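Shared between the two complexes below is subunit A, which has subunit B as its partner in the first and subunit C in the second.
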Partner chain A sequence: CRDCFKALYVHKFRAMLGKNRLIFPGEKVLLAWSGGPSSSSMVWQVLEGLSQDSAKRLRFVPGVVYVDEGAACGQSPEDRAKTLAEVKSVLQNIGFPWHTVALEEVFGLPPAVLQGSAQEPVGTEEAYKSAVDSFLQQQHVLGGEQTHQPHTQDSPGPCSLGRSPTATQTAALCRLFDSVRTLTAKEELLQTLRTHLILHVARVHGYSKVMTGDSCTRLAIKLMTNLALGRGAFLAWDTGFSDERHGDVVVVRPMRDHTLKEVAFYNRLFAVPSIFTPAIDTKAPEKASIHRLMEAFILRLQTQFPSTISTVYRTSEKLVKAPREGRAAGPAGPRCLLCLCALDVDTDDSATAFGAQTSRLSQTLLSTPPAEAGTTTGPGCVAGEGQACCRAACNYVHRKGVQAQVMEQLCYGCRVNMKDLPSLDSLPPYILAEAQLRSQRDWVMPEVQEYLIEDSDSEAEDALVQPPGARLTTQEQGGENTGTGL
Partner chain B sequence: MPAPTCASCHTARANLRRPRSGQALCGACFCNAFEAEVLHTVLAGRLLPRGAVVAVGASGGKDSTVLAHVLRALAPQLDISLHLVAVDEGIGGYRDAALAAVRHQAARWELPLTVVAYEDLFGGWTMDAVARSTAGSGRSRSCCTFCGVLRRRALEEGARLVGATHIVTGHNADDMAETVLMNFLRGDAGRLARGGGLGSPGEGGALPRCRPLQLASQKEVVLYAHFRRLHYFSEECVYAPEAFRGHARDLLKRLEAARPSAVLDLVHSAERLALAPTARPPRPGACSRCGALASRALCQACALLDGLNRGLPRLAIGKGRRELELEEAPRRSVPAADALTAF
Partner chain C sequence: MAAPLSVEVEFGGGAELLFDGVKKHQVTLPGQEEPWDIRNLLIWIKKNLLKERPELFLQGDSVRPGILVLINDADWELLGELDYQLQDQDSVLFISTLHGG
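Entry: the complex of A and B
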């Protein structure tokens, strides 16, 4: 019945948060709201949870972020303005502090977005308890004069980055997305840029958590999609409850126990407001992208075998974030420029799927040199001119070209996506600048290596890259059966 | 428009565009490149040591035909000797024709061939008999489950019979990609944790197995067979259309059409999947009946045969497993394996 369904639904949401104990009382949490059913339902849950008068009241401080992706999805300026007005009226009614940002703002992001903060998120049980205690104390002190609504500390209402996008930015964004050859790569690029933008908003406004409304259904589809995109190493990051890859800002997915069907029922029964905005794949045929194919496949299989989604979802919970054993990659190892995960590429010529595609065997057969290798369109030198070392570094960087420079800093999956961009020059400047910075650092590293004092720990041994082909032998020592079980 | 010249030898007319790289190559250069890549996989992956006696699982299909042909060409370089091992599952009208293809290949390439039959190994059970026995028990999709498990065992027996030190099978990249998709859809975390490599090093007395074609896509395998004019048997098994693998295969074809690298991208994902240590199956022991590698008291082959002999064919599959567990109190439950039509 209606009431039991509501109780169950609310319980699932709160249990997910309670079980994981990741969100501290008084913490600022940014709700990523797309206007769609799941994220709308999530915002609604938080709204109800905060207004509750019981001890069970949620105790974090929420804000909402909405990213206007109209330019990437081919919406006309008039439609965008209309959507935005709708968005604002919904946000006004909710009453949380809110931020609306246009995707165009990625062209104004600083490279620092891509520099993962070294700060470890505090997440221990003791830390959580002490945070609860100090919060309760604080509440007690303030109790007399302040209302019990923590979010009144921030004035409800717009605190957006404010600027509406300039026409040049919109044109640049359209050009970038139009240049991408496949819908698959477009979707991935959009996700990447959106994540960076939300991350930036969170950092600027001091939010330490971001909540996304991914439902169980969506996560099962995402898992299978990412599997097919070569992101096998990162499935636990991409679909788990919490995602700490950014260090200071943690992404959490509290709706991951709700199926899309439950969300739809709830939203309908309790009149949760949501808005429809065309997505990048709206109206695209099913076979247009990996994302669409996988979505259609999973939903169709679900009708035949009703346990499909829950099976995939439960399997995903057995995945771990640490790299597979025998794959050395410490937390300090290089991170992918775009998705910020630890690089998962094998050595060229190794007996792996990556090695098979990079092997010299197929390269030497190439008669035409890769077009991008010759271009020297790198952005200007950032450091002072005149120093021999710097000039050499710049020459090196220029010689390699933007394409190669960016590519070698990407994980397997992001490399495959970026191959669908004819030119990486149209990427937002913060990505190119960070790529150049990293390239230069890599180049300078050998020069200064001998002067660096190394902390001789066991870490150094862990970091040793395994020789190609040593995998079978390592696993032999572990005594594991590596067969695929056919 | 005339065909472009081959990008490798620059003399011959190109005959094909490589699915992997899009290069225009002539047939000869493509076959050379394909062979070189398999050689590279075997060497870089340290799959077959010098002096190995290699049993090639030969089904008569394209994959095992190509594998046998490539390895025969590479045998002097690798310093290995080859022996074809074929399994007769006893499927009327299907297997006889496939076995004829294998006999033809063995004679043409002068390779020794040994045929082992389910009937002889498993106390008179042929696949046709198994199919009749399972037909009454509801869904008959489980044929491939039986066949796959039994074939794995039969191949092992055949390899031992010819004194082999290693077993190679013709699984290609598409098979691997299908398997990883399927294991997720079935929630088989144990297999996901173990899978991903190019083979198993051999433990508990089992022979080391490997899949030298795992990094080659099915399309390239077919192209190789075409340009080397190999004759193979290409008909789907009469029991296969009902297997769950069909869904994964269908999906993979669509994914590949949307993004040509999808097959290898899935293989890469499989190589990199990291599962919690608890998802890993316990260290396997030995089957109490036949001594083969087993994660329970009975190995899967013996458990299936046991069910068949007792007239309860579904005893060791899916939900039937639970009843078996009540009887034997083994350690965990895994859905039984679907099988490939090739080895």
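Entry: the complex of A and C
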């Protein structure tokens, strides 16, 4: 019946948040809203949760982000403007602070988006409890005047990241997506760019959590799809409740207990506003992409065996995010340039086909400019000079092999996807810049390593004892270091 | 002989794209020998309303998995699915939950 259904639905949402104790009171949470049923339902749940009486009220500060993907999906400017107007009217009614960004803005992102912050998310039980306590105290102090909703303190209204996209950016985006040969790769690319953009919005506006509306059905499909795409190593991150891969911004999926059917019924029964926008795969035949095919497969199986989705989904719940063996300690290893997961690339001596592929790649990269490398960091290289010739070498590398350079820094899944791009040059500049930065760093690293003092405890003493000459060497290296962007 | 029926057929979640983007259709089903059930309705929709790509809406004699059917706002699974006999003034809603509609 209607009331029980509602109670169950609301309970599921809150239980998911409560059980995981990830969202601290007073925290800023960005709701990623696509206009589709699940994320609309999620926004609605948050809205209702915030307006409830104090005991049960959700206690975080929400904001909504909408990414306009019209250009990638081949929508006409008129259609996009119409959709955007609809989006804005819905957002205005919701009353949260909101941000609308166009996908084109990926061309203006800084490379820093791809640099995961080293900061570990604070997620311990005690931390949660103390945060709750302090929040309650704070509220107590504020007393009766706390009648207005927390979200109204933050000026509700539009805070668009930037102006509407320029025509050149739109053209660049269209060119990028048109050049991708398969729908599978297109969907993956879209997802990657969208994630980066949302991440950027979250960082700029100081949100520490991002909520996405992935439903249980969608996650089951995603799990199988990602397996097929060669992303098995990251399933726990890609489909789990929380995703800490970005360090300072954690992605959570509070809708993961709701099936799409429940979502659709709820939205229908309680008139939750949602906006339908054609996606990149709208009207595509069933076998057009791995995503499509897997969706059809799972849903068909579900009609014959009604527990298919829940079984697949439970599997995703049991996955544990474990660092690879031998990597548990120490600094975070290299991360994939696109999906920002820890690289699953095996060392060159691996017997797997992938290992072979990797070593071939690095050979093509390494075989090109060894001469330059020798001259750049010779012993007599002064900081300024070294910087200049380093840059020259890197430019050389850059021209020689953007392809190899980017490929080298991708995980297996992303590598396979990028093979469907005839040229990586049309990727947004921030990705290419970061790729270059990283390979420059890789060049410099072995050179610097020589001069680095291994034992950090005795560093101070060493510095005192060392003759002035030796001291100078380390400084020089430091200068070179910063020069190349470390 | 069943009398002609007037029913409201509605599409949502992207399914309307296959019907010229029109969400609500007020239709009159002609009288026929056997009573109108959902099975017949789907055939009738395919002939009269569906504008393109029937394979994206129908599969076999039923709808594609992933498209939900609500009859008078109730799940059709509770009402006998394809065998539900339509009444006058019923409303039938098809919601696509498929990605991209």
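Quick notes on this structure:
What we mean here is this: the second predicted complex is superposed on the first by the 390 of 486 C-alpha atoms of A that agree within 3 Å, B and C clash if a C-alpha of one lies under 4 Å from a C-alpha of the other, contacts with A are read in each partner's own complex, and residues count from 1 in each chain.
What we mean here is this: a contact is a pair of C-beta atoms (placed from the backbone, for glycine too) under 8 Å apart; a residue touches a chain by one contact, two chains touch by 3 or more.
Just so we're clear, the structure is a prediction, and the values are computed from it rather than from any experiment.
Residue contacts after overlaying the shared chain place A:231 against subunit B, while subunit C stays out of touching range. Of the two partner chains, neither subunit B nor subunit C is touched by A:112. Of the two partner chains, subunit B is the only one that A:412 touches; subunit C does not reach it. By the touch criterion defined above, A:295 reaches subunit C but does not reach subunit B.
In the superposition on chain A, A:279 makes contact with subunit C only, while subunit B stays out of contact range. Comparing the two interfaces of subunit A, the one with subunit B and the one with subunit C have no residue in common.
Looking at the complex, you find that subunit B touches subunit A at residues 7-8, 10, 20-21, 23, 25, 29, 33, 36-37, 40-41, 43-47, 148, 152, 169, 171, 173, 175-176, 179-181, 183-192, 194-201, 203, 209, 215, 247, 251, 254-255, 257-259, 261-262, 264-276, 278-281, 283-284, 293, 337, 339-340, 343.
Partner subunit A is touched in their complex by these residues of subunit C: 12-14, 16-18, 52-53, 55-56, 64-66, 68, 70, 73, 75, 93, 95, 97-101. Residues 37, 217-218, 221, 260-261, 263-265, 268-269, 276, 278-286, 291-292, 295-296, 299-300, 302-303 of subunit A are the ones that touch subunit C when the two sit in their complex.
Put simply, subunit A touches subunit B in their complex at residues 182, 184, 223-224, 226-233, 235-236, 287-290, 293-294, 297, 301, 308, 311-312, 314-315, 318-325, 327, 344, 349-357, 359, 361-362, 365-368, 412-413, 416, 468-473, 475-476, 479-486.
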